[in-house]
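When the chains are written out, they are named A, B and C in that same order, and each has its own residue count from 1.
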């Protein structure tokens, strides 16, 4: 059940505790992020509770495009400058071809009326998918909470293991 | 239980409803496709029902080598021309070295009498692994049903979520 | 429950059979190996039994740095020479930049007092995470048992399927 429907009065015979999915978004590639959010939104539409756990490169998916950069040490500034700032800046894992492949893919998706990544993210968040950013990754990469989308929770590996132990499926993307 | 053995008369004490596995083949890399099919065939041999869901680059694994190309628009023709046409044309994700690494790997596999990817695919399909091609990916990449191996089903994200919800393990490869 | 605590006398009300996780370490990238071991150690700390199954490039994570190279044929020697020898030699999947990115990442991790990959591996093994090396991958890549860390078990796809069928979560990394 998703969070917009907190008190369903229908009784489902199948075990209810299985209606949960956990997705680790480790990758910061456009194509894999698209897959993760298509799956998350699809699962939610089928009454599956979804938690997305963003670690390592996946944190880039959640970065705000124009967040004021907080004061950081040299290495964090370097990392922050080199990594893509948010969903609009991600690239394909293959056939990026200096950006041309990525632009082609986005163009085709618009023409086919497929949701863009920012639209998928917005839909997911609005519909109640939980976004959890991995604090250890944030620490190592020097990414602060202010640089991430509003409403993102922070959590560690224990949060993830706890969610996975409640989930029917756990995907590492 | 696999489809070639539909009515086993042995009673297994372990919960039978868990004997299902769903594999998303997202990658079009030779090494990852090999892993996916080794796992699928292995699971099937152990009476686990397997559905493989091919999305994005993974669609290339299912492309026929010599399918007559249907009339397509410019971008789809471009994509189709640039992406590998079928299991024989996939490359290693690492150490491809302009094709040399991939050829070496195939050579070693032949010498060690390990099944090639086309053989693994044929075995999987013949033994009852379900192949589902993701329609959204086909649409975006301009790949048509005629270009894919015979017997491949079409499905969307709902098909995948439905399968995953029945599966003991769901892998994203 | 982990192996250092083999006979717990507390009764847990939650289903005990779910406390198991299987992780396929397919990748030989430093960042993905780190993720795998952080998850494994985290799960173990939460009384989840963990099996890590190392296949393909993932075998490189387990290679000893200074193992005496056994006599091998030409191709195996080539593969062995080109692939990284152990956890200290792995590279980032992105932003490696000729090794500079990888060095930066290791430097930051040290400064932040985050465990290094060799430390995570040692902790996992000491705490009772099972390491299984995929024999088919070893055969194809020409890697022998002597080249791998002590205490690694050998297993095939059947071993993996068996573990996955007992696991609440199975991850492909």
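Assume contacts are C-beta pairs under 8 Å (C-beta built on N, C-alpha and C of every residue); 3 or more make two chains touch, one makes a residue touch a chain.
Model, not experiment: these values are computed from the prediction.
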Interface sides of chain A and chain C: same vs different residues, half threshold: different
Rounded to a multiple of 5, how large is the rotation, in degrees, that superposes the C-alpha trace of chain A on chain B? 120
Which whole number of Å gives the spacing of the CA centres of chain A and chain C? 25
So which bits of chain C are touching at least two other chains? 170-172
So, in the complex, the side of chain B touching chain A is made of residues 22, 24, 26, 28, 55-57, 75-76, 78-79, 82-83, 136, 139-142, 156-158, 160-162, 164-165, 167, 170-172
Quick one: in the complex, what on chain A touches chain B? 18-19, 21, 31-32, 34-35, 38-39, 41-43, 45-46, 48, 94-95, 104-105, 107-109, 112, 114, 168-173
